Amino acid sequence: MNKLLATAVAAVVLGTSPVFAQPTDILNASYDIARELFEAENAAYAATGATVTVNQSHAGSSAQARAVLEGLAADVVTFNQVTDIDKLVDGGFVSDDWASEFPNNAAPFYSFPAFLVRAGNPKGISDWGDLAADGVQVIFPNPKTSGNGRYTYLAARAWAIEEYAGDEAKIEEFLTKLFANVPVFETGGRAATTAFTERQLGDVLVSFEAEVLSVKKQLGADKYDAVTPSVSFLSEFPVAIVDKVVDARGSRDLAKAYLEFLFTPEGQEVAAANFHRPSDDAVLAAHAADFPEIRLVTVDEAFGGWDKVAAEHFADGGLLDKVFLNQ
Amino acid sequence: MAQRRSKHLLPGFGLTLGVSMLYITIIIALPLLAMLLKVGGMGWEEFWRIVASNRSLAAYRITFSSAFIATIFNGALGLLLAWVLTRYSFPGKRILDALVDLPFALPTAVAGLVLVTLFAPTGWYGQLLEPNGFKVNYTQAGIIIAMTFTSIPFVVRTVQPVLEDIQVDLEEAAKTLGATPWQVFSRVIWPTILPAFMAGCVLSFARALGEFGAVVFIAGNLPGKTEIVSLLIFIRIDEYNYEGAAALAFVLLVAAFCLLLLTNALQSWQTRYADRSR
Amino acid sequence: MTTTTATRSPAEITLITLAFVFAAALLVVPLAVIFAFALREGLGVYLSNIAEPSTVHAIGLTVLTSLIVVPINIAVGICVAWLVTRFKFPGRQVLITFIELPAAVSPIVAGTVYLFLYGGQGLLGPVLQGAGIQLMFTVTAIILVGLFVTAPFVARELIPLMQQQGTEDEEAALSLGANGWQMFWFVTLPNIRWAILYGAILTNARVMGEFGAVSVVSGSIRGQTNTLPLQISQLFNDFNVTGSFAAASTLALMAVLTLILKSTLEARGGWR
């Protein structure tokens, strides 16, 4: 039965998708808010004379990791959190030394959770503590499907650790109140933005600074204000080659060249123009006017590294589940 | 309706049986089996925890109540349209008749896009409704409207042929015996179309229960308020929570199966009724 | 059949008016709004929105899916209808229920069951992946769910018709010496061709517009596995409302064409 089925479907597959030819295209599976960024990066990459077609797929970073594990044939992943690439390492799709394959731990740009409020900031939101106040509605994406949502959790927790001097009961109380203020957890960062802007839900959107600044620019500075909190959480956006896919397709060179481009001054320039903070200090300095000062804590400082975060916070029944009553 | 069964006198039994069985096995049965195995593998307690959780219960409540209201509206509208299309002749009748099927022909995502635009605060309908405090987008009213739109044709298309078949002499006889138009309707017409009307309503309800494309555009997708079961399944898949998705999909499948059996029972009731009245 | 306005009763006028009001509000206006919005920035912008490569690709993929799904489901629909109307055998009712089931379930359930069959954690997914065959998130998966959701459409039109027509003509043909294929081509097919076309039109409309099931099994890759409905939804999420309506207008045109064909067929058919 299986064999018959396999033969039948193989006929269809071979008839409809080009699997043997030398690949001239690669697929980039990416996070939700990076649609415009990678459209611009791809155009800039093509301008350097590269002939490869880079296809894009966007959704919540973890939802994308799931899709790759399910067989989405992405040659490269450009995620927003290390934990999502680690899922692919566990699944045998990405080699475990991926971070050393590219400069800066394979993170070409970074951002951090910031706030977008309605014009004039009617609820007076200036820092993380205000998000847990009574009568404030907060929008951010589902931490189970979106790296963006998990960064929000980590940033809020990092702020609370300082604020409550590590008193776990108080930290949990704050986070529980914060999560209770969220009327809807969309599965991706862009869907959360749409909920805030199109559906007019909530008083404050928590999303990457990249999204906050780009929405403000796109939809009008007269409608929204960007608010930078006192402290936030460094969100480096890692990239990796999906070994299992490129080896099967013979597209490793194309994939590598494309990701390397993101670290070049041209690639970095495009990132900065799309409000992603570039890892290249010279490019960042040139765009200093666009990016306000902010104190960022790192995963190592606040939580002792990604492995610890994954085990203590994000595992089933972990600290995140305690405050995110997603039943 | 005269039908003589010739036992395998006609050719093609083996071929058509083979093709049908192969197709049903590969395209329909095997995928369903895969889901049943997933559900079967999770254990009763786990299953119950998922399907009876507060969020799931709220999703059933929202989905079923919205589908129910949409069906009541479509029952009335369907009756009206079927009546007008069979009993009267007027200019534009054929266009009206053709338009009834628009919701079947128009993709649900397009329907959702259109409805959310129409009912936006600045939309053609929204600007009339919203100042009067009636908000449709991102509320349960939006879900009901999306479900209504996508299932308009069912009642019309099931009642219409039956209304056409009602013998006019029966009505005429009732009238000459001094029955008022209302009596003619309630004593003669209504009992005749009832099975078809019910079947149309059940089909309409089933479609509304499963509607996804049109609803996700216009519903706010708020857990406990405007989150329908189909959307919750979709979210569970994205969360990589396959047990959660499988259990909820199983609930919808069982509901669909029951409604299908009910429709078949109603349709055979209708056939018997039609045969008897002939 | 000619009723003049003078003889219309007040009830009749009221009911006809009501029918038109509801039809206008619920059917005509939604159709009109698609084109109004698609064209609101002018014909030039509209055409360039349609010519957007990812939209062009989505149109191509949607047509391709339909070209594969519709013929297969016509053939299978004829087989199933022949089987259940010409023969009595144990399990006949079960077979009918199975073929009808896809129309009754939520499209999300349709997508989900395919995920559990062909996904990495699915029943056959690991076996197929071992053989180097990837189904999820490919065009093949889109075609498979398309076959699933439209499986009943042709059979549903044919079964009542063929039941009603009976078998006399076919038996006569056979007794006159025709073989099975000749009987089918010259006797059966001419009787059911309009019903087949009718079923095919419904199948086409549904498969082109399928959203829920496709959104589960497609990776939503622009220029690869984005069908038109997914493209519409993505453009809408990108704040590109006009582009979204432009893509939607192509499907709306398909819908209008469907209605015209359907109504023409009904006018000449008369099998229902």
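For clarity, chains are labelled A, B and C in written order, and residue numbers in each chain start from 1.
Keep in mind that, in the parts below, a residue touches a chain if its C-beta (ideal position, glycine included) is under 8 Å from a C-beta of that chain, and two chains touch if they have at least 3 such contacts.
Not measured: the values here are computed from a predicted model.
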Checklist line | Pair joined by the larger number of C-beta contacts - A-B, A-C | finding: A-C
Next item on the list: Going by C-alpha centroids, which chain is farthest from subunit B? Tell me that one.
Entry: A
Check: Which whole number of Å gives the spacing of the CA centres of subunit B and subunit C?
Finding: 16
Checklist line | Whole-Å gap between the CA centroids of subunit A and subunit B | finding: 39
Notebook entry, point to check: Could you state the distance in Å from the CA-based centre of subunit A to that of subunit C?
Noted result: 37
Note to self: If I count partner chains per residue in subunit B, which residues reach a count of at least 2?
What the structure shows: 30
Check: Which residue numbers or ranges of subunit C touch two or more of the other chains?
Finding: 115, 121, 124, 144
Notebook entry, point to check: In subunit A, what residues contact two or more other chains?
Noted result: 5, 59
Margin query: Under the definition above, what is the set of subunit B residues touching subunit C in their complex?
Written below: 1-13, 15-17, 19-21, 23-24, 27-35, 37-38, 77, 80-81, 83-85, 87-90, 92, 94, 96-111, 113-115, 117-118, 124-125, 148-149, 152, 161, 181, 206, 209-213, 217, 229-231, 233-234, 237, 242, 245-246, 249, 252-253, 256-257, 259-261, 264
Notebook entry, point to check: Can you name the residues of subunit C that touch subunit A in the complex?
Noted result: 64, 68, 115, 119-121, 124-125, 127-129, 131-140, 143-144, 219-224, 237-239
Check: subunit C touches which residues of subunit A in the complex?
Finding: 2, 5-6, 9-10, 12-13, 16-17, 27, 29, 35-36, 53, 55-59, 67, 69-73, 190-191, 194, 197-198, 218-219, 248
Next item on the list: Name, in rising order, each residue of subunit B that touches subunit A in their complex.
Entry: 26, 30, 53-55, 137-138, 220-223, 225, 235, 238-241
Notebook entry, point to check: What residues of subunit A sit close enough to touch subunit B in their complex?
Noted result: 5, 8, 59-60, 62-63, 66, 142, 144-145, 183-187, 195, 199, 201, 326-327
